[in-house]
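In the two assemblies presented below, chain A is common to both, partnered first by chain B and then by chain C.
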Partner chain A sequence: MASVALTNLDPASRAAARGWSDLTIRNMFIIPTLVFLIVFNIFPLIYSLGYSFTNFAANRSEPWQFVGLQNYRELLSDDHIWSNFVITAKYVIVSVAGQMIVGFGLALLLNRSFPMKGLITTLLLLPMMMSAAVVGLFWQLLYSPSWGPINYVFGLGDFAWLSNPDSALYAVAITDIWMWSPFVMLLSLAGLSAVPQHLYEAAAIDRASWWYTFTRITLPLVSPILLIALIFRTMEAFKTFDIAYTMTTQPTAELIAIRLYKQAFQQWDTGKSCALAYIVLIMVLAITNLYVKYLNKVKER
Partner chain B sequence: MRKIVTSVIAGIGLALACGTSVRAQDKELTIFWAEWDPANYLQELVNDYTAETGVKVTVQTTPWPDFQTKAFTEFNAHGDAYDMVVGDSQWLGAGSTQGHYVDLTDFFNQHKLGDVMAPATIKYYAEYPGGSGKYWAIPLEGDAIGWSYRKDWFEDPKEKEAFKAKYGYDLDIPKTYAQLRDIAEFFHRPDQKRYGVAIYTDNSYDAMAMGVESAIFSYGGDLGDYATYKVDGIINSKEAVAGLDMYKELYKFTPPGWGKTFFVEDNQAITGGLAAMSMNFFAFFPPLVNKATNPYADVTGFFANPAGPDGKRFAALGGQGISVVSYSKNKDEAMKFLEWFIKDETQKKWAELGGYTCSQAVLKSEAFQNATPYNKAFYDTMFMVKDFWATPEYAEVLDQLNQNIYPFVVGGKGTAQEALDKTAADWKATFTKYNRYK
Partner chain C sequence: MAAVRTSSEVALNRVAIAAVLIATLIFLAPIYWIASTAFKPKELAVSVPPTVLFEPEVTPFVRLFTKRVQMQKTVDPQVYEAAPWWEKRIYDGGERVLKVGKDVQLSQYPDRFMNSLIVAVISTVLAVGMGTFTGYGFSRFKVAGEADLLFFILSTRMLPPVVVAIPMFLMYRAVGLNDSHIGLIILYVAFNLSFSVWLMKGFMDEIPKEYEEAALVDGYTRMQAFFKIVLPEAATGIAATAVFCFITAWNEYAFALIMTNRRAQTAPPFIPSQIGSGLPDWTTIAAGTFLFLLPVAIFTFLLRNHLLRGVTFGAIRK
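Entry: the complex of A and B
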């Protein structure tokens, strides 16, 4: 019986001292969590999958009809949606690559002892602790062509970062890099400090060059954790909404999440929005899966 | 122990019971509106109603970008959080056909509101479908696109002379879009950090559409036939194309980075001394005559939207009517409130507080027209307004327009004809999808 298998609670634990059994703990903690997860996560997920095959619109009282794959067909043949995906892909590549380079670079610089290291590390972490909407509004001011400090410092004159259709997306990506590089830096620092010091010492004895040490010792040992940072940031970048939404309304910077929001909550095209959400979900799952496969390979080495 | 628990529970129960009985005696009404000055004026106005009747009325607000989303989320859930809502004119279609609004036709006829309120406000804030004689809202806040300008720049003798020499006519308030364009070009001096004109370009809701449609209407174009849903040949007619071209032309003379601008930015263009002229809804003009919020308050003037080349003159309508939410539990109480609201004294007080009344009697009075520097322009405008589509699918139609005109106006991609041809095709597809062509 399942309950028999569950009774090996550590007799020294506080739960055991209170006379709780594994069964009590299961009933008190695990079941409510599961119920919560099912009600607020799994159930809507399945329900919205059902909606994605209908022409249901949340603002209409008319009965909805089952339309089969029509929503998916329409979405996948819609040029606007494809351009949104291309924009999102560009954004993900630029912003995640930027974050990996800046974040890992900062971690390499911080991975030694120097005065006030703790304070500097904490200060560098500040951007990622702010609300994305606040960061967006704040950078909108920084980019302002009339009084923004960025154009002043770089002597760019009237260059309108966010109103120029060619630069708007990259301006948002730069903001995202500023905000999330610290996250990559933090993970990389954890990875770097776990590299055994004796390996470096051995390399030094062999007079290995800096580059050789970096590519043969540092990178291979840090790469699993870097890949985890990469997975997190790719998933997040794919879903970016807040920063981009607050900063610009350029169609050339309309990420897929913004399109989805407009379709779902401004036009109330609920069925089609569910379908689009599923397409996005499948894409994120596919990309994440590729990474995870690669991660497992790296770990095996 | 058990006794204590029982008595505590009994105590809580008693407190709850008393609480609910007290609430039942206290009548309360909640009005939902967007967060802006007129909502504060309305709260001041309804405090009088509370004093008279003892019914507490609260005006609940939310920022503009969330207004539509929040209201419709509540409607769609059939929630009773709001008893009345001061909704945008475009919501009438969805509000009436989806059963969110209470039918006010009887109330309208009983109080002969057709003669009380300005005709345009009834047509666009209250009636749906157009010409059906069915009414869903009481016009509450009249509003339309108007312009503010720098009187000191316009009246400077040196500027006047230079302008006359360059364009061959006197520098004055523009009577046509062509003159508006010339003046914008004349004052556009980026090296002096002075710019010609501030217009709406935000495409996240209806800002840019309101600016563009004002130009299209004055150029003699239309968005479509609202009765038959015919759009091809109307929204992409040569008049409409000329209107959109003019809007694009004006964009050339805006301050730098003018790609996501709505009422806040357009007012800043004046308060920051950036632009010679600035487009805005009348409801946003009060801060411009206040010394505390506008250092140029003394030298800021106002004018109504100019005419097109054929003398046709229109402006995009803003403003809202107040509707009773059909899911409210206090509908009778809400109707009583509306009866009080349409009284002449109430409307007069509403105008004095800063609300834009739609009452003809108040609008026509000398006292109203001279109360502020912009009331006269407002009065002129309210008799020449036109509105956007009010069909239930207006949000989709609006988004399609935004997607097609924004890249042209701000991004400089393609031509006005291409943008509007694409709009006509998109709209036709949408109206076909909703079975509008029967």
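Entry: the complex of A and C
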């Protein structure tokens, strides 16, 4: 009843006589945002969909030609692009798995009361708030084979993390794990604190083992929120550009977003890069859809 | 009933807390390294073994803000004596500060830092302003296809920046918005708007409708009720949303790299471009990084109770 009263004022009432109607206000509040997003997000995408069927090159003035599906055909049969996708998949698996393990592990450790817990939790969250490009750059010094503290601490001599083709991708993934484990930790902590305490007490009375309690009580109750963290991080890792781009130039660490950037803004192969952008976009939207679905599910609980 | 604690549980608890402390030290080590390198003498930044304890100095910050050249011969002692303390530090390093007449020539860093500030502040104000209205609209009124519209709004946030940047670059080039503050601000508003709508809708949902209903009964119009009752109630939410938007815009790299190169370039693409070839001066880079990260570190502490909400687009509140 309350919401009906809010949206349909009695036209004879004093409130309705003064000022705008609720319908006007609603439209005034919502429509500008929608228009803005359509103009600056959707319209550009339609624009680039058009270019994806052409051989347009933004750095040349000669007229472009319509080439149909040729860009898409070439991209999908290009071994180079496939290897970029394989690199990206490797990166996503390693870094997201690392973040889930480290983040959930940290949350399990933090899920108890101790002095200065709030301060320590906030300190642990610092990495994810910082600029990936700028911090990533600084990891070059940390990884440095000649004077990096990492090699010194672990006694790795002059192991060149970022210029060794075999390790560059994993070095970037380690930095990404450092940055984003706190994200998984934050979500896991919320999930853990929502587990009703009486379940643990009941398990303790039954003398259930730690493992039993963990797999039968903790994990099932935390898993929806873990799934959200997993999907969100997968989506973000798939899009990774800045951290990898500022850390290394190794071709073995060329993620799909970096490939796309180079194709569009270094080789100026605009038409083809629009096509590649669409392939990437469809993949991202698929994961986004999944993410929002689960987000709404958890929200309803 | 308080759980009965056995001695093994107490021991386990202690081990866990010790592990947390060690993990915290590991996580903070890279940040400590940035902060400490910013205050190191040049040669200690690349020493073997790495230097942990040293006498801090602010010379890297002097280098960060000035234009300098290598000196061919040693400085005239009289000139040295007359120089202010910070200029002496530069002479000590075998360089001299470039000047026009008596004015010190500043490096590009303060400009880039200001660009970051301008773009982040203006885009935050716009995104949060629009997000507050739209969040209220979605929270209080019936909207046909609300779930689909909200999904559409959120999905714009998920678009990979490089994908959006290609057509935007072409469009900006056509209308002359490349390398301009306005161009970057529009992109950041578009990027942050969806986030701000989702977060503000969550905050608005928490303000009881009865407050406005009471105001409407008292003869307020809907707009008066919104500005005088709802907005003050939503102040904390608006502030938290604003800080999140600011941090995102402040940290953004891909759009800034593609859309700006000089006039409107922000700090994130500028700082890595300083590496150049040869041996980089890590102390100066660290000083720039340190100043750049400082606001975000402060904001993280101010935001600590809203972080969970922010990173889940308002879905998980606690």
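As a working rule, the second predicted complex is superposed on the first by the 262 of 301 C-alpha atoms of A that agree within 3 Å, B and C clash if a C-alpha of one lies under 4 Å from a C-alpha of the other, contacts with A are read in each partner's own complex, and residues count from 1 in each chain.
Please note the rule applied: a residue touches a chain if its C-beta (ideal position, glycine included) is under 8 Å from a C-beta of that chain, and two chains touch if they have at least 3 such contacts.
Please read all numbers here as calculations on a predicted model, not as lab measurements.
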Requested in this report: Return first, second, both or neither, reflecting whether A:P145 touches chain B, chain C, both chains, or no partner chain.
Outcome: first
Report task. Mind working out whether A:A58 is in touch with chain B, chain C, both or neither, as first, second, both or neither? Result -> both
Requested in this report: Scan A:L156 for contacts with chain B and chain C and give back first, second, both or neither.
Outcome: neither
Report task. Look at A:A202 in the shared chain and tell me whether it touches chain B only, chain C only, both, or neither; answer first, second, both or neither. Result -> neither
Requested in this report: Considering only the touch criterion stated at the top, classify A:V135 as touching first (chain B), second (chain C), both, or neither.
Outcome: second
Query raised in the report: So, does A:D22 touch the first partner chain B, the second partner chain C, both, or neither?
Result: second
Query raised in the report: Touching A:I93 in the superposition: chain B (first), chain C (second), both, neither?
Result: neither
Query raised in the report: Touch check for A:P165: first (chain B), second (chain C), both, or neither?
Result: first
Query raised in the report: In the superposed arrangement, which partner chain does A:T249 touch: chain B (first), chain C (second), both, or neither?
Result: first
Query raised in the report: Which partner, chain B or chain C, is in contact with more residues of chain A?
Result: C
Query raised in the report: On chain A, what residues does chain B touch that chain C touches as well?
Result: 58, 144, 146, 265
Report summary line: As the complex stands, chain B meets chain A at residues 68-69, 72-73, 75-76, 94, 98-99, 190, 193, 201-205, 255-260, 274, 392-393, 395-396, 399, 403, 406-407, 410-413
Query raised in the report: Where on chain C does chain A make contact in their complex?
Result: 1, 3-4, 13, 16-17, 19-21, 23-24, 27-31, 33-34, 37, 45-50, 130-131, 133-134, 136-138, 140-143, 147, 149, 151-156, 158-171, 173, 186-187, 189-190, 193-194, 197, 209-210, 212-213, 216, 219-224, 226, 247, 250-251, 253-254, 258, 267-269, 271-272, 275, 282, 285-286, 289, 292-293, 296-297, 299-301, 304, 307-308, 311-313, 315-316, 318
**Report entry** Residues on chain A engaged by chain C in the complex (per definition of touch)
**Finding:** 2-3, 5-7, 9, 14-15, 18-20, 22, 25-26, 28-30, 32-34, 36-37, 40-42, 44-45, 47-48, 51, 58, 106, 108-110, 112, 114, 118, 120-135, 137-142, 144, 146-149, 152, 178, 182-183, 186-187, 189-190, 193-194, 200-201, 204, 225, 228, 235, 239, 241-242, 246, 257, 260-261, 264-265, 270, 273-274, 277-278, 280-281, 284-285, 287-289, 291-292, 295-296, 298-299
Query raised in the report: Touching chain B in the complex: which residues of chain A?
Result: 58-61, 80, 143-146, 158-165, 168, 245, 248-252, 262, 265-269
